[in-house]
Amino acid sequence: MKYFQPQSVDEALEIAHTSEATFLAGGTDLVLHMRTGKVQPLGLIDLGKISVLREIKEIEGSLEIGSMATFAELGKSELVFRKAHALWQACQTMGSPQIRNQATIGGNLGNCSPAADGLPALLALGAEVCLSTKAGNEILPLESLLSRTPLLEQGALIRGFHIPMNGQKSGFAKLGRRKALAIARLSVAVSVQLNGSRTDNVRVALGAVGRRAFLSEALGQELSGQELNNELLEKGVIEVQRIVREALGTRASAPYKRVAVAGVFREALTSIIPEGGQ
Amino acid sequence: MIEIKLVVNEKPYTLNVEPSERLIDALRNRLGLLGTKEGCGEGECGACTIIMDGKTVNSCLVLAAQANGSVLTTIEGVGNRRSPHPVQKAFVEVGAVQCGFCTPGMVLSAKNLLDKNSHPSETEIGIAMSGNLCRCTGYDKILRAVKIAAEEGKQ
Amino acid sequence: MKTSVVGSRVTREDAWGKVFGQTKFPADVNLPGQLYAVVIRSPHPHARVLSINSDYALEMAGVVAVLSAKDVPHNAHGVLFRDQPVLAEYVRMVGDPVAVVGAETEEIAREAAKRVQVEYEVLPTVFDPEEAMKPDVLPLHPSLRPTNVLYHMPIRRGSMEEGWAKADVVIEKEYNTQHVDHAFLQPEAVLAYLDERGHLVVQTATQYAHYDRGEIAHALGLRFSQVQVKTLAVGGAFGGREDISLQVIAALMAWKTLRPVKMENTREESFYSHSKRHPMRMQYKTGATKDGKLVAMEAKIVGDSGAYASWSINVLRKAAVHATGPYVIPNVSIDSYAVFTNNPFSGAMRGFGAAQTVLAYESQMDLLAKEIGISPLEIRLRNIFKVGSTTATGQVLTSSVPLDQCLAKITPYLQRGGESE
Amino acid sequence: MKKRGIGLGCSWYGTGYGNGFPDVSSAFVEIHDDGSATVLTGAVDVGQGSNSIFAQIVAEELGLEAQDICVYSGDTDATPDSGTTAATRQTYNTGNAVLKAVRQAKSSLLVYAAREFSCPTPEGIELKEGYIGVKGDPSRRVPLADLVFQARLRGERFISAESSTARSTPVDPETGQGAPYWPYSFGCQSAEVEVDTETGVVQVLKVVAVHDVGKALNPTQVEGQIAGGVTQGIGYALLEELELDEGKIKNPAFSSYLIPTALDVPNIEAFFVEDAESTGPFGAKGLGEPAMLPTVAAIINAIDDAVGVRITSIPATPEKILKALAEKNGEVNR
C-alpha cells in the first residue's frame, strides 16, 4: 500500500486521479476498518497536512467549513456556535474528547455511517457540499449527495461545506446508550427561520433511522409558516413518529425508535424555542 | 516503508514505518514506550491516549504516518519520581489508581485538560475524562484527583 | 483495638509505577527471539473436529509451528473438574481453541491462523438451560453427568405448608439476569519461555499463580517444581482471570519449539477466552404477614453454566444460600440448578451468584411492602438478620451482623425527591 | 416527562470458598537487619490493593511504617500458595496468614529482646515507632535496627512461615442445612434515578452506599472498592448485556458491549460501618464483591418508585422501560 501526504488540494487531486488511492481524513473510522479488513485501500492520501481544508470562516453571508475541520474545532468555534447551533451541539456529544480531536466533518460524510453525528445537523442547516475532482468542482445540496450510490466517485474529494447564514435557529438532540462514547441510536436536527413567532423554511433531519441520515422535506413544509409554540411541537411529534414508523418498517429496532423519537424531537425543537416556551 | 519525523517527549526521532502501522504500535514496538496501553483497539477505552500537537488522541486510531511532523507526549514524558506532575501526585494520594491499566491514559487526559484550562468545572473535568474507561475505581476518585491537581496548580 | 498504621490512609506503593507508566503488564514484556502465537477458535457452538490442515499455514515464511489437540500430553484443565480442553477435538462452545500457530511476528501469525483449515462435524446444540435440563437432551459432558444438570442444591427449612398458612400477602414473580462480561481493561497476555534451568517460566496476569502452575504442569506432564508462574501487573480481574485462558497454550508452544512465546488477546479474543457471569432465571414466591414479617419463601433458580463447569457448582450454591436476602424467614424451600448449554461458559464474577439473587429478593421486598402498605425501609427493618439470627441453611450468625447500623446510616438519604420536567 | 425516584437495596455475602472447601492462605515473613521487613505471599494483587494491606498489617505489628515493608507476591518460585484472589478472601484470609506470620517472627524477636532488657517475659516488650524496648519505660528502648543487627551477629534470625484456614463446613446435600460460609458481610445502598418517560432512558443521579467492613484497614481503599462496585452495579442494572446468537457473541467489542463512562456515574457517597469481626485481622472482613451487590436492586426499586413499573429482567434498557410503561397505561401493540 502506498501512502501520500500531499501539501495542497491540487496535489491531492492529482494523486487521486492517477493512483486509485483512498482519501484519509481523520482516520478514526478508516484506520479501524482497515484493521478489521472491512476496507482494503490500494493506497492512502492523507489530507492532514493541507491546512486550507481545516478552515472555519464566514464568507459573504455563508459559513464555510473545510472538510478537515475536526469535531473538536467545530465544537469550540464561536462562529459555529452562533450560526450553526445544531452542528455545534452535535459536536459536543460525538464520541469522546480523543475522537473529537481527530475525527473530521468531511470524514464523517465520507464514511457516511447511518448514525453519523454531523450529518443530520448539516442537512437541517441546508448545507451544500463542495466536491472536487481533477476535472473540476461541484457544489450541491447535501441531501442530493446523500441520495447518490456510491456516495462519491473515485477521486472525488470533499472540500467542505457552505452553510447559508439566513438567521435560522437550529437545534440537535441525540439518543445514545450512554452519555459518552455513544453511537447515536436516534438523532434529530431541526432548523427554523423565524418571522416574529412564525416559522419559515423549517428543515428536519433524522439520523440512525435508515441507511443514511435524511431530510424530511414533507415534515419541514408541514411545520413551516405557523406559530412556533407547543401545539406545533406536538404536531411535529406525531409526524416525526409516523416518519420513523415508515422508515423503519419491521426492523427490530422499530417498536422502540418510533416511540422514543418523540422525546428526541422534542428536545431538539425545544432547544430552539426561546425561554418560556411561547 | 515511509519515513516520518516526530518529536516524542521532547526528543526528535526519524522512523521508517509501514503505511498501515498504527501510532500505538510505532510507540510501543519501535520506541519501546510501553506506558501507552492497548485495551480495545477501537478508540473506545482511551488506554492508549497520548497528546499529539496539544490534543489528546487515541493512538490506536491514528496511523504513525499521520503523525509525521507532530509533537507527541506519552506518559513517559510526564513527571518522574523526583518531581511528579500534580496530576500524578493527586492520583496517588487520592487513591485514584487501582489496577492501573487505564492510568497512563487518564493522566494524559487530565494533564491536557489542565494545560488548557487551569480552572475546570466539575462538568468540564467529567467531559475531559469521558473518553477514558475505567473498570476498577468507578471514576469517583479519578475525578476528585483531577480537581485536586487543578487546585494545586492554582496555588 | 487501637491501631496506627492499620486504619490509616496509607498510599499504595504500586500507584507510583502506574502513574508513570512504568508498571509492566504482560503485554509489556518481551524476549529476544520470541515467537508470536495466535489461537484458531471454533466458529461452531458444538462440533467434532474432523481434521486440521496446517499445510498452507506452514508454507508461509516465518511460521514455525501449528499445534493442535494431538500435541497436548494431557489435554484438559479446569477449576473444579478438568473438563475444558487445552486445544479441543470436541468443541462445546463458539470460541473453543482448536489450534495454535507460532510465527516470527504477530502479522505472520495472524495471517497464518487464517490459513489453517479446520473441518468440523457440526452437532446439535442447546442454548436454553430449561430445555437443556430435559432428560432426553443429549448431555454435553456424559463422563461428568448423565444429563446437562451439573448441580442441584436444595435448601429445606421449616414447613412450607405452615409458612403459606401464616402468610397474609404472597408475591410471586420471575426474574431474569443476563450474560455479563468482566470487561477488565487489560486483555489477556502471556510470555512463556524455558529459562537457563530448563524450567518453564510463564509470566502473565492471573488471579491465582499457583493454580495456573498446576494446570500447566498437568497438561504438559511436568513437575510443579519445573514450572514457574510469575504474576505481572493485573489489569483488573473480577473473576475473569480465575480459569485458564492462554497460559497453557503459550507454555505448550514454548515447550514444543524451545522458543520464548508471546501471546496477546485482542479485545474480541478476550471476550471469547474467559468466563461470563451466569445468567439466571429465578422464580420467587414470598409470603409475609400483614404486619410485614416474612414467613415463607420458595425459589427455583436455574443458572446457565454454558459449555464448561468452571465454578458453576459454587456459584449456584452461593445463589441458593443467599437467596433469602439478609432476612429471617422460618420456612424456606429453594432449588438451585447449574445447567450445561452450548453458550459461552460461565464462571466466577464479582458477586458470584449472590449478584443475581439480590435482584429477586430485593424486588420481592419492595413489592411486599407496597402490598402491605409499609415503607421499603420498614419491611427490611422488621426482618433483617441480627446477631443470633438463623439463616435459611440453619446457620446461627454469631458476630458482626451490623445491617441495622448500615440501615440507620442510610435512612436520611431515602427521602423522595421532587419531580422535574 | 422526567420523573425521579429513590430505591433501597440490601445485601449479604458469605466470603471465602465456603462449603468446607479448604480455604488456606500462607505467608512468609523476614525481619531484616535494619529493622525493615519483607513478606512473601502467593496472594495476587489484582489492583484491589492487597499488597498494601499486607504491608500495613506487618507495619502495625512491628511498630513500623507501611513503606518499611516489602511485599512480594504471586510468584510460584518464591511465594507460598495463598489461594485465589477471589471470593472476597484476601484481606481476611491472607491478611490472617500474614498477621500470624508476622506475630510468629515477632514473638522470637520479643523473646530475644526480653533477654536483652532483662525482662522476665516477652509480654513486657513493645515495638513502637521503629524502636523496641520495655513497655511503659521510654528510657529503656533502642532502635529496632540496632537490636536486630546485634541479634544477627549472635546467629539469631527472625523468619516465619504461617498458614491460616478459614472456618467453613459442607452443607447437607439433601436439605442444604449447615454453616457454609464465614464471615458474612452486609451492606445497603440507595439510588436516586431520573426516568425519561418518552425515551425510557434512566439516569442515576446519586448513590449512597453503606457497607459493613468489620474494620477498615485502609479507608481510601474501602472507598475505592465501594465506588468501583457501585459503578459495575450500574452497568449491570442498566447497560451491560452479552448478546448471543446461537452461542456466538454478537457484541465482542467495547463499542457494542457498553460499560459506564465517567459521565454515566453519579456522585457516590460511600460510608462504612465498623463492627469488628473477631476472626478477622484487626477485626476486618472483605468488601470486594459485596460492594457491587445492592446497586442493581436500589436502581430497579428506584425506577419503580419513579414511574411505577417493575422491571424484572436486567439490564433495564430504555426498550424494556417504554414497553412496561405502555403496558401499565394499557396501551397495547404500540
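In order of appearance the chains are A, B, C and D, and numbering begins at 1 in each one.
Methods note: a residue touches a chain if its C-beta (ideal position, glycine included) is under 8 Å from a C-beta of that chain, and two chains touch if they have at least 3 such contacts.
The chain lineup, named per UniProt: A = Carbon-monoxide dehydrogenase medium subunit; B = Carbon-monoxide dehydrogenase small subunit; C = Aldehyde oxidase and xanthine dehydrogenase, a/b hammerhead domain; D = Molybdopterin-binding domain of aldehyde dehydrogenase.
All of these numbers come straight from a predicted model, not from anything done at the bench.
> Hey, what chains does subunit A share as contacts with subunit B?
D
> Between chain pairs A-D and C-D, which one is joined by a greater number of C-beta pairs in contact?
More contacting C-beta pairs are found at C-D.
> Per the centroid of Cα atoms for each chain, what is the distance between subunit A and subunit D, given in Å?
Each chain reduced to its C-alpha mean, subunit A and subunit D end up 48 Å apart.
> Quick one: subunit C and subunit D, Cα centre-to-centre, how many Å?
Centre-to-centre distance between subunit C and subunit D: 18 Å.
> Just curious, how far off is subunit C from subunit A if you go by their C-alpha centres, in Å?
Whole-Å distance between the two chain centres: 43.
> Subunit B to subunit C: how many Å between their CA centres?
About 32 Å separates the centre of subunit B from that of subunit C.
> Residues of subunit D that touch two or more other chains: which are they?
46-47, 49, 220-221, 229, 232, 253-255, 259-263
> By residue number and range, which residues of subunit A touch two or more other chains?
96, 179-181
> If a residue has to touch 2 or more other chains to count, which residues of subunit B qualify?
39-42, 44-45, 95, 98-101, 127, 130-136
> Using the touch definition up top, name the residues of subunit A that touch subunit D in the complex.
Interface residues on the subunit A side: 96, 175, 177-183, 255-256, 259-260, 262-264, 266.
> Which of the residues in subunit C end up touching subunit B in this complex?
Residues of subunit C touching subunit B: 9, 11-12, 14-25, 27-28, 182-187, 233-238, 266-267.
> Sort out for me which residues of subunit C touch subunit D in the complex.
Per the touch definition, subunit C meets subunit D at residues 1, 3-14, 43, 45-46, 93-95, 125, 127, 153-157, 173-181, 183, 205-211, 213, 224, 227-231, 233-239, 241-242, 267-268, 271-272, 276, 314, 317-318, 320-322, 325-326, 334, 342-344, 348, 350-352, 354-355, 358-359, 362-363, 365-367, 376-377, 380, 384-385, 392-397, 399-403, 405-407, 409-410, 413-421.
> Which subunit D residues qualify as touching subunit C in the complex?
Subunit D reaches subunit C through residues 1-14, 17-19, 21, 42, 44-47, 49, 51-52, 55-57, 59-60, 64-67, 71, 73-77, 79, 81-87, 171, 173-181, 183-184, 186-190, 192, 194, 208, 210-212, 214-221, 229, 232, 236, 240-242, 244, 246-249, 252-254, 257, 259, 269, 271, 273, 275-278, 282-283, 285, 288-289, 292-294, 296-298, 300-301, 304-305, 310, 312-315.
> Taking the touch rule as given, give the residues of subunit B at its contact with subunit A in the complex, in rising order.
2, 19-20, 22, 41-44, 46, 49, 55-58, 60-63, 65-66, 68-69, 109, 127-128, 130-133
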